[in-house]
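In the part that follows, the structures are each spelled out as structure tokens.
What follows is chain A paired twice: with chain B in the first complex and chain C in the second.
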Partner chain A sequence: MEVVDIHASCDAEFIAEVEAESSQRIAECYQCGNCTAGCPFTFAYDIPVSQIMRLLQAGQKRRLLTCKSIWLCATCESCTTRCPNNIDVARIMDVLRHLARREGYAAERNVKVFWDAFLDSVEKHGRSFELGILAAYIAKTGRFWPDLGLGPKILPKGKLGFKPHPIQGKKQVAEIFRRFREISRS
Partner chain B sequence: MKIGVFICHCGSNIAATVDTAQMAEAARNFPDVVYAADTMYACSEPGQEAMVRAIQEHGLDGVVVSSCTPRMHETTFRRTVERAGLNRYMFEMANIREHVSWIGKDTQANTHKAVELTRMAVEKLRLNKPLVPKRFEINKRVLVIGGGVAGIQAALDCAEGGREVVLVEREATIGGKMAKLDKTFPTVDCSTCVLGPKMVDVAQHPGITVHALSEIENVVGFVGNFEITIRRRAAYVDWAKCTGCGLCMEKCPSKKSLDRFNEGVGTTAAITIAFPQAIPKKAVIDPTFCRQLTKGKCGVCAKICPSQAIVYDQQDEMITEKVGAVIAATGYDLFDISKYGEYGAGRLPDVITGLQYERLLSASGPTGGHVKRPSDGREPKTVVFVQCVGSRDKSVDRPYCSGFCCMYTAKQAILTKDHIPDSTSYVFYMDIRAPGKMYDEFTRRAMEEYGARYVRGRVSMIYPKGDKYVVRGADTLMGAQVEVEADLVVLAAGAEAAKGAGELAEKLRISYDKYGFFLESHPKLRPVETNTAGVYLAGSCQGPKDIPASVAQGSAAAAKILALFSKDKLENDPLIAAVDIRRCVGCGKCIRVCPFGAIKEVDFRGEPKAEVIETVCQGCGLCTATCPQGAIQLSHFTDNQILAEVNALCL
Partner chain C sequence: MSVYAYYPGCSGLGTSIEYDISTRAVCQALGLALADVPDWSCCGATPAHTVDHLLSSALAARNLAQAEDLDVQALITPCPSCLTNLKTAMHRMSDRDFRGKVNKLLDRPVRRDLPVKSVLQVLVEDVGPEELASRLPGKPLAGLKLAPYYGCIMNRPPELMRFDDHEHPTAMDRLMQTLGAEVVPFPLKVECCGASFGVARKDITARLSAKLLETAQDLGAHAMVTACPLCHMNLDLRQGQAASVAGRQFRIPVFYYTQLIAVALRLPQDAIGLSKLCVSPNSAFKAMRKALRP
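== the complex of A and B ==
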């Protein structure tokens, strides 16, 4: 492990960016650890959420944007609910995920691929088309076997339609995507 | 003699592991015991009332209570038996809680031991004599040792209560540590603005005499009648003539003298007035730097002084003061930070103590309130604060928490931002201890509003790199080893007992702990009293304290003294030594061992005999143990009484 120069390596702009996008004040975190205590995903995280908050206070941008935890967070909001300082920690995790995406980091590629497949589907059909998402996800990740067992169980229940069910206002949904891209570019 | 025995359950404290009913049964067979009972809480009101009733109904003339330690309730029960019409010394206590139930689990063995202890108490009581205290005249003046904020508060409160006060201060001015502070937490109000008026009140109060530059040389006597010898160190200036104009300070050619008031930050003249608000505002020559006193030639100040106040051959002077009570308020000193070699303190000029930093922040300090590095006068942009330097560290024999460093460090981080808006402060801490009113909020403000960056972890080393210092440490919350390049490092040096505290405690005959802090009589219930009657404590001499706590304790000590002096005469404790003149051979051994000077030699029909001065004797029993004739006996603890106890146990 390398020594962290906390003065030189502190990216104040990054802190300001996270604060602006999340509308949260990072200095308010007093490191009690309640978020980590309640987080149901710590078992899979590479950095527990309280340490994510600490790294954020220290402006450790690269360390944060390249970590896996921000991709594994399920936004269950246990952390937000339990934070004694009313910090919306889940929102910060979300903002970090967005920033990572924008900067081209995705430490958990499969999670990102899944989200992409989902969003593509919504853009195309106005709502999610499960089989389409599945196909896109499997095609990009090659993860075929893990989900195979579930198919026969949900097919008879009508949960996995073979054709997309378009909605009214499909065009308008696509328009939202277009406008979002336009804003993010500018 | 008719003796009653009362056995206390103390709820389940005693009754859980001692068969109290069986004890009462056993006690009924002891000689002279006519009544024995066990009771839920002997000290409670119904418990005491039952005791009074039993004394009256059974015509008891002595009482034994088997319960807790006499330190807890001996006075309570003495009052109870007195209420029932007995002499208060016709009472004995057997400690069956601390000495029995709390230390053993075997009920049978416990009960046996408790019965034995009760039997001893009964046997002693059979030889007790009614004793009557003597009343003696008292001097109602008060001595306050130490002119810091605690001592100032105590002196003012005593003086306001109508008592004459003598305030002795070791330094040239009163004010103590608080006078050196720039601002105070958690309000960030100016320290001198708060303290200054109080210092002026002390100077102007007709009832207060200040002896500055003075120390306690000797203490004799006892509560109500102390005689104090004070050594007033030579100032080499006649203070009666000195007007505090400061001309000498300006003209003194020896400008490289250690600036003690400014904690060695910068230098000063060899003749100084500590600071503009000093009380008394008088000049003092530092003999280690004065050219006239070290080399024998200079004399500039003597020539320049408009009131001819300089006296190069002034000597220390002894002053005697008679007082009735003493408040020790000698404060604390800072831990010597150079013991942390890895921090470079003492070697690296820009690694300083928190108190030195206060002087850099203070408008009356050596830099006029502009924060400048001691080494090159540059304004620091990155300041690192390190907490717990000489606190909570067994390796330097300072395992205790100094209590106020967390708060003053937060304050200094806030002030740093105020003084240098483009600066960044880092605070390395172990835990933040801010339990006072508005304290935790204050430390949070340092972080949230002033952007102080708190790092939870210790610093391992500080070393120079160019004109900066690299501070290497840990961020345990981040789980990383970290470093910061700092322009200035401020070490929150812990508090330790004032230099000479132990010697003073011995002169005052009060106890002190292994770190030199004075011991209060009871940590919770008698926090300002000592175990020596008439000697009280205020402020950090009893343990590290912040300003509010010191002031509170100063007032508390004053209140205790005013209550003591609300009586015109005091009663002595009659548990004192008495000489059997027929047995005394006049050898004088008792006179030599008595630590209180309470025994004098008298002539009895041409023969020397010892005589106890009843109001001076403290009842320690040293004379009794020394007397080869058994002629001097301690009332209430005579040889016969002690032997009766031994016999009760062994025969």
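== the complex of A and C ==
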């Protein structure tokens, strides 16, 4: 078992920040473990979700913002749906990755690169452009081979467009991103 | 004729084009008129809510504002991920303060509270299995054994989605049974398939999808039926990757539920899009015909 000296390392401000941004009360978790029992991603997590809740109660900011689990949560809502105390655990996981981004952490870099490539595509075209996202992901990660086998399966189906589907209001969508960045800076 | 605002979602233009085609065809055949949300944009999908909840709500909300030009009772979408984003945005905007912040990011503010539903919900609640049955030539899919897979967010969290059961949904089961198909007792109806990690962590997606495919195969299902473009991609396009992880062969066709309704209604082939599936559906139809032989 891991021992954490919370007198020395509990960051109360961090707890308050997560509570404010998620609208959840962290102290309501009584560690029943139901979230971890139902979480399909526990096998891939470095910290199971119920332990994330416990470390959060202990204000272990750095430990949480540098972990892999927060990047591997798919927001499948098992934990939120099954929590006996009605804690929106999936929303807390989301807020933890928001904070990790702001502090410059991304323990699963490729996951972040993929999500960023997706949003870049939306900012540029107004809609997501699947092949463009894949190309941007490959350019940034150098990972090309893992999915090469899928090409012959999907290309003949004629489903993947080689051009984006820009919309008339793409400037309005780009403006959403611009205004968001503006208020995030202030 | 009821008119609904229709939000196809980006994948409907690409990887899940057969879902969009068959959804439109089935709605038309069943008397539901669809008016596309004018100049709709991406809802933000998973990536936006992992960055910030205000950004993700604003990206979804632009579409709610665009839909206000239409004279409709509700906005419907086939995709559970779009559904969650649109519903979450609408739900969070019931807080006036949050709504104000979202509207500040938009050129055009959201003024109305338009109900947002899945196409599945409308087919079950506004059309209903009985009306569907009355339009069918008997039980066209008798003999076909299906594993119904709903995906993780069609019904969860229940306070937000407000449709069907969150642990054991049956909406799609009922529609498939109406077509004459047999629905196997599939225990993983709402287990996650690995969602959008297929590109960055396909090891995870393959392992989770393999569990679903193995269970469906072991229950003797001829095919799986789903309502989600992302689930479909993981189970159909990436079926080979799942097989490598599981160490066994899969040959399980994966349909969109709207494709099977379209088949049963005998709609034209180009309104069903079976040729767009990566795993050929022929084995399922063959097994269905074989089951019917005396």
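Here are some notes:
Throughout what follows, the second predicted complex is superposed on the first by the 182 of 186 C-alpha atoms of A that agree within 3 Å, B and C clash if a C-alpha of one lies under 4 Å from a C-alpha of the other, contacts with A are read in each partner's own complex, and residues count from 1 in each chain.
Simple rule for what comes next: a contact is a pair of C-beta atoms (placed from the backbone, for glycine too) under 8 Å apart; a residue touches a chain by one contact, two chains touch by 3 or more.
Bear in mind the structure is a predicted one, so any value in this text is a computation, not a measurement.
Once the complexes are laid over each other on chain A, chain B and chain C both fit without any clash.
Of the two partner chains placed by superposition, A:K140 touches none, neither chain B nor chain C. Shared-chain residue A:H98: touches chain C; no touch with chain B. Of the two partner chains, chain C is the only one touched by A:K159; chain B is not. By the touch criterion defined above, A:T81 reaches chain C but does not reach chain B. Once the two structures are overlaid on chain A, chain A sits at the apex of an angle of 100° toward chain B and chain C, using CA centres and rounding to a multiple of 10. The larger set of touched chain A residues comes from C, when the choice is between chain B and chain C.
Legend: residue contacts after superposition of the two complexes on their common chain; A:E175 is shown touching chain C, with no touch to chain B.
Contact with chain B, but none with chain C, is seen for A:A58 once the two complexes are overlaid on the shared chain.
Superposition on chain A places chain B within reach of chain C only down to 23 Å, the least C-alpha distance between them.
For chain C in complex with chain A, the residues that touch the partner chain are 10-11, 13-18, 39-42, 44-55, 58-59, 62, 66, 104-108, 152-153, 156-158, 166-167, 190-192, 194-197, 199-204, 207-208, 237-238, 240-241, 275-276, 278. Residues 21, 40-41, 43-44, 72, 74-78, 80-81, 88, 90, 94, 97-98, 101, 108, 110-111, 113-116, 118-119, 122, 126-128, 130, 134, 137, 146-147, 149-150, 153-154, 157-161, 165, 167-170, 172-173, 175-177, 179-180, 183-184 of chain A touch chain C in their complex.
The residues of chain B lying in touch with chain A in their complex are 382, 424, 426, 444, 447-448, 451, 453, 455-456, 472, 475, 477-486.
Those residues of chain A whose C-beta lies close enough to touch chain B in the complex are 1, 3-8, 10, 25, 27-28, 30-31, 50-51, 54-55, 57-58, 60.
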